[in-house]
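In what comes next, chain A is part of two complexes: it sits with chain B in the first one and with chain C in the second one.
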Partner chain A sequence: MNGTTAPLWAAPLVPALLLALGYGAAAGTAALRARAAGAAPSAALAAPARESARLLVQRRRTVPGADVLLWRLGGALVPVAAVLGALVVPLGPTAVSDLSVGVVWFNAMEVLVWAALWMLGWGSNSVWGLVGGYRFLVQGLSYELPHMFALTCAALGAGSLRVGDVVAAQEQVWFAALMPAAFAVYLVSAMAMAFWGPFGAPVGRDLAGGAVAELSGVDRLVLGVGRYMFLALVAAMAVPLFLGGDAGPLLPGWVWTLAKTAGVLGLLVWLGHRLPAVRMDRFAEAAWVVLVPVTLLQALAVAVYVLVR
Partner chain B sequence: MTETVVFAVCAVGAVASGAAVFAVDSMARATFALLASFLFTGTAVLLLGLSYLGVLVVLMMVMEMMVMAVFMVMYMMNPAGLMPMSMVHNRNGALAVSAGVFLLLAAGVVLVPWPEAGGAPPADPAFALGEAVMGRHMLVMMLVGMVLFATMVAATVLATSRGRYDRYGDDLRREHPDDPIGGGLGR
Partner chain C sequence: MDVTGWLLRRAVPRAFVVTAVGGTGARLAVEAELRERGWYEAASPAEADMLVACGHPCAELSPVLDRVWDQMPGPRVRAAAAAPERAAGVLDRARAELLDTAAQRRDAEERDGAARGRAREEGGEDMPGGLPMADRGEDRDGLTLDRLHVSLGPALPAWPAGLSLSTVVQGDVVQEARVRLVGAREGGSSSFWEGKPARAASLDAAQNLLAVAGWPAAALEGRRLRDALLRGEDGPRTRERLRRWTLRVRRSRLLRWATAGLGEADGRAPAGLRGDVADRWSRWLDPDGGFPPYRADASRAALDLLPGLVIGQELAAVRLIVASLAPDTGAVGAYAPGGSA
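Then we have the complex of A and B:
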């Protein structure tokens, strides 16, 4: 039974779960970094908590000429967009709100992050921030189309934009197996949307932090938390779209949802650690020349499959 | 009751943030004030039960305004000093024209004899709206959409100063194109 709507008291559960998953991603990243540096990975598990505490007591940096309104708004928008997007992601069979256009809603909330990063970069009145914000726009524009077509493939396979229907359509075979190219493109473009790993150039070290260059203290904490929550969101959305949602033997549905989400999130964290950063001025071409045709062909294949099924 | 409150907030918010576009002193703030206005309008569309159109307005307007932000900042009137700036030329004339247009449209809302609502709303309002607007001309409109898109691509191709001879040499025999920004694929 898919597509039920949760009672209202479940809504606070969404940010709590996203936070927990995001903390896991942050701890995993810290552990991978510690292992690569030759330190004990176990000590890194508390690293995000220590870093959060440090940022909470750090004094806020002020920048002359900053557009404080846009700057703060940009930082706050990232966690807000992550939570709003997660409202349509089902845990087990139940989502907080199983909108009839849940897939489009999810994409709209992802796009809010473009505005957020640009505001962050612009608001800080710093050249590094501005370059970082513009980098993210290029990245967003290049990877949004393949991302959209990957989402379209899943919706096409189910004949519905409702996330619950997409899960229900995967009873026989998961969409990850039915449309592997769309799944792969989803994972790649989701990393680009979350400016994660190889697509981290908008906040890259070569720009002294890029869009977040001037952020400090609690502002940096909000952005950092929001970014990991957003990464958890794109990982969580892969489960109902491509990995059969809550389907699985023995265990209850919500355990399967969480387990699969943790698996996808772990994969993204590991990829982010392993892969080198790509230059967006060069890799915009890869999105337009390779990923867009691949997803279009995938959509054609899915459409033919749906017709002859 | 809730719907009325949400509609009132969206209506006032859309007009207020629309007015803010001409009151703020920075191009970035003007862009986001305009975006806020569109988002309020999108929420009003959601209230009509047109969930697909409403969410699409949110999605497309955020993307569109982010592209707009790039061009608005790039082409702004005083590129030497980004702030403060003003979106207004001919303040008095502009105020008179915009107030006149607003009054005209508002008068239209009050004076037009709207048809009585009859029957229940359709199961899929977005579909019904598309039928009502396009009707038998759906195929034509879809073709027009394709033609518009082709026109945009063609205009971009014509506007760019570099052609294939610049990229691949006069006899088009160069192995790798000579591009100012190398592509990620080494083409």
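Then we have the complex of A and C:
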């Protein structure tokens, strides 16, 4: 059974849902922060809106010698990549576009963030930005291969690159149970591609904000919103790839999709709160020596399973 | 309807905090105020709307503050918390000034006018932005790369007060480093921490390192515990929270993995500085009191060690090494570090 394609009017729903989920992630982060600081967590619900208000009033900056085109474009690219990537993610049984190469499409949109962060860092003509950009490239080189092999495992299990087929293949058993290593690697790389939590070094405080060090006002707002939308996207994509998509008892499929997405998103937010940053030179080594072989072995195991099934 | 004013009133301020040598007390008060109000600390001037100078900025630090001020986009406000007990009032006034839309508009117009004037004068520049290009040199792998002259501090978050580390950087690797103190005081060399609970001093160093290590939540909780100890709260609840926090940080494999093997100081260094970054922060969290990293001799030794330890390291490692040496610049007095390389 393939997933169905939604009518065109449903397309605006995609950014709206990503925004809502992203807002939830930002509010959750603010609540955890408030608890750690000993302040009342109740104010956290409005915290992202208040920060947005601040950035809307704040003036945009000009930096001497900046490559303004790349710099402004870099920030705007992140939310665009998030929305484009979400076009293939089904809500219930329906995606805006159930492409025959949906998994590859998602992968391609996610790689846009590489370009975005590098353009941001390079364009700002600042040491902090430049080093932040370098860090993200190292991060990308480290997580991308394990991430692609994890995606390959899911596609291999379904025998198709169509996201709808991947969901259909999990009717008996979810891929999270069938290929746990691939699922774990997906979660790690999901945080890395959203430069989130332990993988936040490219925009780290030790670099005065790294790739975003020189951003202010609406430019910073667009990037910040885009980052949370992207986090929501990678959480949402885990559902059709590994968590059985819209499968679940009693409730309608779209409720299950949203509930599972919120669950994964909550896990990512909590991990971001509980873990310190990973140093990129060390992670690069671990990614190539441990994660790549692990995902390759996982792919081998899935291939054997598919053959004997 | 005044939309700008309406939005501004809803905004939560974000302060860029710069500490002068000897301003530790004011810094702690400002940090506690910010934390309790739920305000944020900015990582760079670009995202800040409030510049808070802690302690008494010397003649050398003032131009640095001016440059930070110029980099702030606006609406913006500048505040000086000279003494700890004034922190709350200073922040209240700063917030009120931030909400004065008429004054903020005037400030913005003046800056725009000045910028236009400068642009007319400069016309016909041949370098991008009128800036000199970077020179080049061989890096550690024998590749010819741009050499950038970067000064770390004294206006940098989670950084020792008044410390300026002048570096030559290729890519993100430090090739040369020189230490200088901005505003080192003649004679008066008293550490803020003398007579305070040693545990609070260790917690301050630890929260600083955690902030640099990219663990803001643990850093924030460390600050909260530090402030509680400084206020003299030592009840069973504080002790239990401190125990759980210490356990969580000590058990963090990721933190140990990120900091082990960095900045190794050999046996000639004072006992409190020996070992790598992970050894040093572990000692602070030791339940037997930890080693208070604020004595004058240890701080001087830390400043002397610094250049040798950071050369050949990339910036993330440099930040961790500096945070783990945690020199108390208020304790060293008028001291010109001799170690340069």
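In this section, the second predicted complex is superposed on the first by the 307 of 309 C-alpha atoms of A that agree within 3 Å, B and C clash if a C-alpha of one lies under 4 Å from a C-alpha of the other, contacts with A are read in each partner's own complex, and residues count from 1 in each chain.
The rule is simple: a residue touches a chain if its C-beta (ideal position, glycine included) is under 8 Å from a C-beta of that chain, and two chains touch if they have at least 3 such contacts.
From a predicted model like this one, the values you see are computed outputs, not experimental measurements.
Partner contacting the larger number of chain A residues, of chain B and chain C: C. In the superposed model, A:Gly217 makes contact with chain C only, not with chain B. By the touch criterion defined above, A:Pro249 lies against neither chain B nor chain C after alignment on the C-alpha atoms of chain A.
Residue contacts after overlaying the shared chain place A:Ala39 against chain C, while chain B stays out of touching range. By the touch criterion defined above, A:Val290 reaches chain B but does not reach chain C. Looking at the shared chain after the overlay, A:Ala66 reaches chain C, while chain B stays out of its contact range. Of the two partner chains placed around the shared chain by superposition, chain B and chain C are both touched by A:Tyr134.
Touch criterion met: A:Asp206 reaches chain C, while chain B stays clear of it. By the touch criterion defined above, A:Met119 reaches chain B but does not reach chain C. Note: residues 65, 134, 278-279, 281-282 of chain A belong to the chain B contact set and to the chain C contact set alike, using the contact criterion stated above. Every residue of chain C that touches chain A in the complex is listed here, in rising order: 4, 7-8, 10-14, 35-38, 43-44, 46-47, 49, 71, 73-75, 108, 127-131, 148, 150, 156-158, 169, 171-172, 210-218, 220-221, 223-224, 252, 254-255, 257-258, 314-317, 319-320. Across the complex, chain A is touched by residues 26, 28-29, 32, 35, 51-52, 55-56, 58-59, 62-63, 65-67, 69-70, 83, 181-185, 187 of chain B. Chain A makes touch with chain C in their complex at residues 32-34, 36-40, 43, 47, 49-51, 53-54, 56-61, 63-66, 125, 127-128, 131, 134-135, 198, 200-201, 204-209, 212-217, 220, 273-282. If you check the complex, the residues on chain A that touch chain B are 65, 67, 69-70, 73, 99-101, 104-105, 107-108, 111-112, 114-115, 118-119, 122-123, 134, 137, 140-141, 144, 161, 278-279, 281-286, 289-290.
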